[in-house]
Amino acid sequence: MNKPKPDLSVRIGGLVMQNPVMTASGTFGYGPEFARLMDLNRLGAIVVKGISLKPTQGNPTPRLVEVPGGLLNAIGLQNPGFDGFVRDYLPFLRHYRAPVIVNIWGHTINEYASIAERFNDLPGVHGLELNISCPNIKHGGIAFGTDPKMARRVITAVRARTRLPLITKLSPNVTVIAEFARIAEACGSDAVSLINSFPAMAIDIEARRPILANITGGLTGPAIHTIALKMVWETARAVKIPVIGMGGITSAREALAFIIAGASAVAVGTANFSEPLSTLAVIKGIEAYLVRHRLPSIRALVGTLETGAVIPKPRGPGRPCA
Amino acid sequence: MNKPKPDLSVRIGGLVMQNPVMTASGTFGYGPEFARLMDLNRLGAIVVKGISLKPTQGNPTPRLVEVPGGLLNAIGLQNPGFDGFVRDYLPFLRHYRAPVIVNIWGHTINEYASIAERFNDLPGVHGLELNISCPNIKHGGIAFGTDPKMARRVITAVRARTRLPLITKLSPNVTVIAEFARIAEACGSDAVSLINSFPAMAIDIEARRPILANITGGLTGPAIHTIALKMVWETARAVKIPVIGMGGITSAREALAFIIAGASAVAVGTANFSEPLSTLAVIKGIEAYLVRHRLPSIRALVGTLETGAVIPKPRGPGRPCA
Amino acid sequence: MLIENTIILSHRLLKGGYRLLTLKSKRIAPMVRPGQFVHLRLPSPADAVLRRPFSVFRAQAGRLAILYKTVGKGTQAMATLCAGDEINILGPLGQGFPNVRKDTLPLLVAGGYGMAALYLVAQRAPVKGIVFVGGAGADDILCADDFRRLDWDVRVATEDGSAGKKGLVTRILDAWLNKELHGRQPEFFACGPNGLLKAICKRVGRGGWDGWISMDRHMGCGLGACLACVQKVCKRDAAGRETWAWARVCTEGPVFACRDIVWD
Amino acid sequence: MLIENTIILSHRLLKGGYRLLTLKSKRIAPMVRPGQFVHLRLPSPADAVLRRPFSVFRAQAGRLAILYKTVGKGTQAMATLCAGDEINILGPLGQGFPNVRKDTLPLLVAGGYGMAALYLVAQRAPVKGIVFVGGAGADDILCADDFRRLDWDVRVATEDGSAGKKGLVTRILDAWLNKELHGRQPEFFACGPNGLLKAICKRVGRGGWDGWISMDRHMGCGLGACLACVQKVCKRDAAGRETWAWARVCTEGPVFACRDIVWD
């Protein structure tokens, strides 16, 4: 007797994905880089490298250094800008059925809102992921994503200008990440994704110089998984919109931990570098787990963590936006 | 010709240490646990497990789980209380020349101040390390160490009651740790130490339960080193008091990175579990480095990171305390 | 207690995923008492920030053996080691079993690798006794012949009946206690899964006998410093009331008197 | 370009810390063009989140060889591998060297493992040329005999004079260009440290010749996705002004025309 296949599909705002596994922005290029190795149509969604209004050169090199359990990067958000993306990559992406989510960023609220707006009615783009970890050049370089007021303003501005499903990507560099998730929810995000990389640095002790040209960079990979997992767990209990978990996924195990903690979907980042087919292995592993645990669908697993205790929700009331 | 030995001694407030290597609180017990394996007199200082006014039972088990690149712990600050410490451990510690620093904590400002006071005029205790990462039971469980107002109050209260050199130990779970270091400085701390463990969690995906009985725990070990290093670098540029760096030291390499980034001393934590003699190896490695680089003293190395750029100091003016 | 870099003399796969690892240990081996353990550093410490604890199976002049089962990443990494490789151990750790008394009948009760922890008890006992050993199947019955060679009486039970009597080890133990104890004074030494230890302590309590169990707890330092391995034990407070306190399995244990344990 | 699980056929320590690793590769080996590289997964990926890039030294039916030096933790881990072990490779990656033209004199210039990256150029060239190779000492002069067996003329320089002429490789190259070029049209193919590549490009530019260099940059994905490996290259902007743009060494490189590089 054939067992029915479990239903892996998930819904993020208006967006339906055939499975919960996405690529993490910046670790999968724009798609063509991996297309010769795998069938992109098998992905839940393709999240492309962060796009800004104008082309951006990013940081000098070295931009990457391997550290115990992870990776530091300081790419500096290099990208071809909106026009470059539409010209060089979008036609390619339109050949695929997998939904395409564009990660966007800016240095001012205006830049954020403008880039968001330009994706309206652009066939082939199915959602936006709002990267609020960028420094705000008008306000002394504090990241939008670590200041509740600024976060509220940028999310509100983007929400007002886009008709696409909007995912706000949260910075881990805050005391209570669930607060920012509630802001995102109140200000109209369809989902939140977390976590972005952790500010960190590495030093060449012989030269007594930073290893990255940018001095500091963002830590990603297995080292951050347990921190990300706690943040996802707290966030999922604080908001009603779907949560997308990422940070240190190398196999289905970590992806399943995020889902059990409350994530509706997950994204694979750094693991794409050592194992370009990681996303496919994660999809397979999740499916096998559902079969083994006789779960009919991925939704039946979301947030099923048994803590054996009544745990107070994260602090702070859910306030309306603005 | 004999080369002169480099001078490893450092000064933290009124406290002189023969070398910059301390034990991290909670990873070295109270001393006797390691005394059969090594000569405690070779340490820069012995920092003991956190002590509270009354004995504390801590959390149920499991309390520890190994994760990629690190360790999660939720010991729950189990300790014999002030009286138990003075009765069971202090007589032993008095046999050693190495300075003893007691890590203290409480659940209210009053508890903090009272425990601090009790160590005045207690021969054999040479300094206090104030762990402000504890949840404040009077204020909804927010940690003292993540709220600037609460941090200011608890440090001020403790400073008023102790005559010992005071080291404030900072929580990493904040956006700008240097802000808290300045608060510590302004409120009379003689030094700051950082970082404490990162809130994190691990899940048994088969049982769909948290692995730790306490659900969440603190991440320590190599996984947090690059994050700690950035925090130490930013903190050392923001304050004039000495900075004690810790997080993921397994060898002299990481210790030297902290020192080059601006730390005057370092503490070895999780590494004591796999290698009980880690502290001694770190001391040796630092000395060898100074000889190889022809540096006369450890002080000649502190903060020598060459960034090749003028970097703006962390935001926020240095405000007076209160 | 000390740290020693040992060389692997031999490493053999036994049945059921168990392996016998014999180390050349000049300094630690002679110090070991029955029931003590060593804390072993894994071959690639980059993957693992903790050592792994193992009971000492055998200890004789210059040699120390452990008997372990491959269960997770640490023991899997150990399984790849070959004769001649180095391995760093810390030990002997903990309080072992008390010496077997001449005036009692020692009854050893073991499940799985528990047999390993009890071998030195039998070897160094001044009198012969009986070993009750249980497991899921025949593959879990380890080193029974080693005990037989010491002239101990070995009684086996397996859940699937593939060796000895079918059923739990407590079943053959109870049958024996009912029919063959004949008024002698037994003293229990047990090592195995928590369920087994609890069952033994229940019987020991009911009979008013002496019993000692070796507990298995996840460990950090093995030195008493981290407080990861704690177990609830009985204590009287200042007013003389019964209450509990934490004992460190690595330091006050791993062997405890049955009467001291507070079962949750 | 694909991912292949290969088996190690042989692994030999050469002099100077260099090792020759030969893999059984059915699928990737036949696709390799001179100057392309493979991205190799380390044996214990828990320690290392990145692969390591190596030029293909030799590629023939079913076999692929790389020649590498132990410099850090990744190459140290590789050094422990034995014949029969598995190794996962991704490749062939990048743009290799253009085909050697019949109407020019190919001059290969190498430092260190650069010799490995150039062997296929010589092997597949329609004409014979000259190899200039330099290193700190005799131990850094690798596989010169392999080139001689192809009937190429090999000229050696070492900084300590322990092999060939004493001095930098550019010294013997310059001497040769001055005295022995005799008006022929040279075409350069170089691989080695950045200083060497820059020196070659300077000469190529002055002479108005063609030259190709293979660059070595720290890499992440090897696939063009992470933008870690970028190098400044010349570009004209919309208004036709000269400016620069980033090129990905893993994708647009590792081989670039000398004239395209913007040196910082």
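A few points about this structure:
So that you can tell them apart, the chains are marked A, B, C and D in the order they are listed, and the count of residues begins at 1 in each.
Keep in mind that, in the parts below, a residue touches a chain if its C-beta (ideal position, glycine included) is under 8 Å from a C-beta of that chain, and two chains touch if they have at least 3 such contacts.
Worth saying up front: this structure is predicted, and the values here are computed from it rather than measured.
Considering every other chain in turn, none proves to be in contact with both subunit A and subunit D.
In terms of the distance between Cα centroids, subunit C is separated most widely from D. Chain centres here are Cα averages; for subunit A and subunit B they lie 33 Å apart.
With centres taken as mean Cα positions, subunit C sits 48 Å from subunit A. Centroids of subunit C and subunit D (each the mean of its C-alpha atoms) stand 58 Å apart.
Within subunit D, residues 46-47 each touch two or more of the remaining chains. Of all residues in subunit A, those touching 2 or more other chains are 68-70, 222, listed in ascending order. By the touch rule above, subunit C contacts subunit B in their complex via residues 1-3, 41, 45-51, 90, 217-231, 246, 251.
Subunit A meets subunit D in the complex at residues 26-29, 33-34, 36-37, 49, 57-58, 61-66, 68-71, 73, 75, 78, 221-222, 270-277. Residues of subunit A that touch subunit B in their complex: 67-70, 72, 140-142, 146, 173-175, 198-203, 205, 207-210, 215-216, 219, 222-227, 229-230, 233, 248, 253, 256-257, 260-261, 289, 304-309, 311-312, 315.
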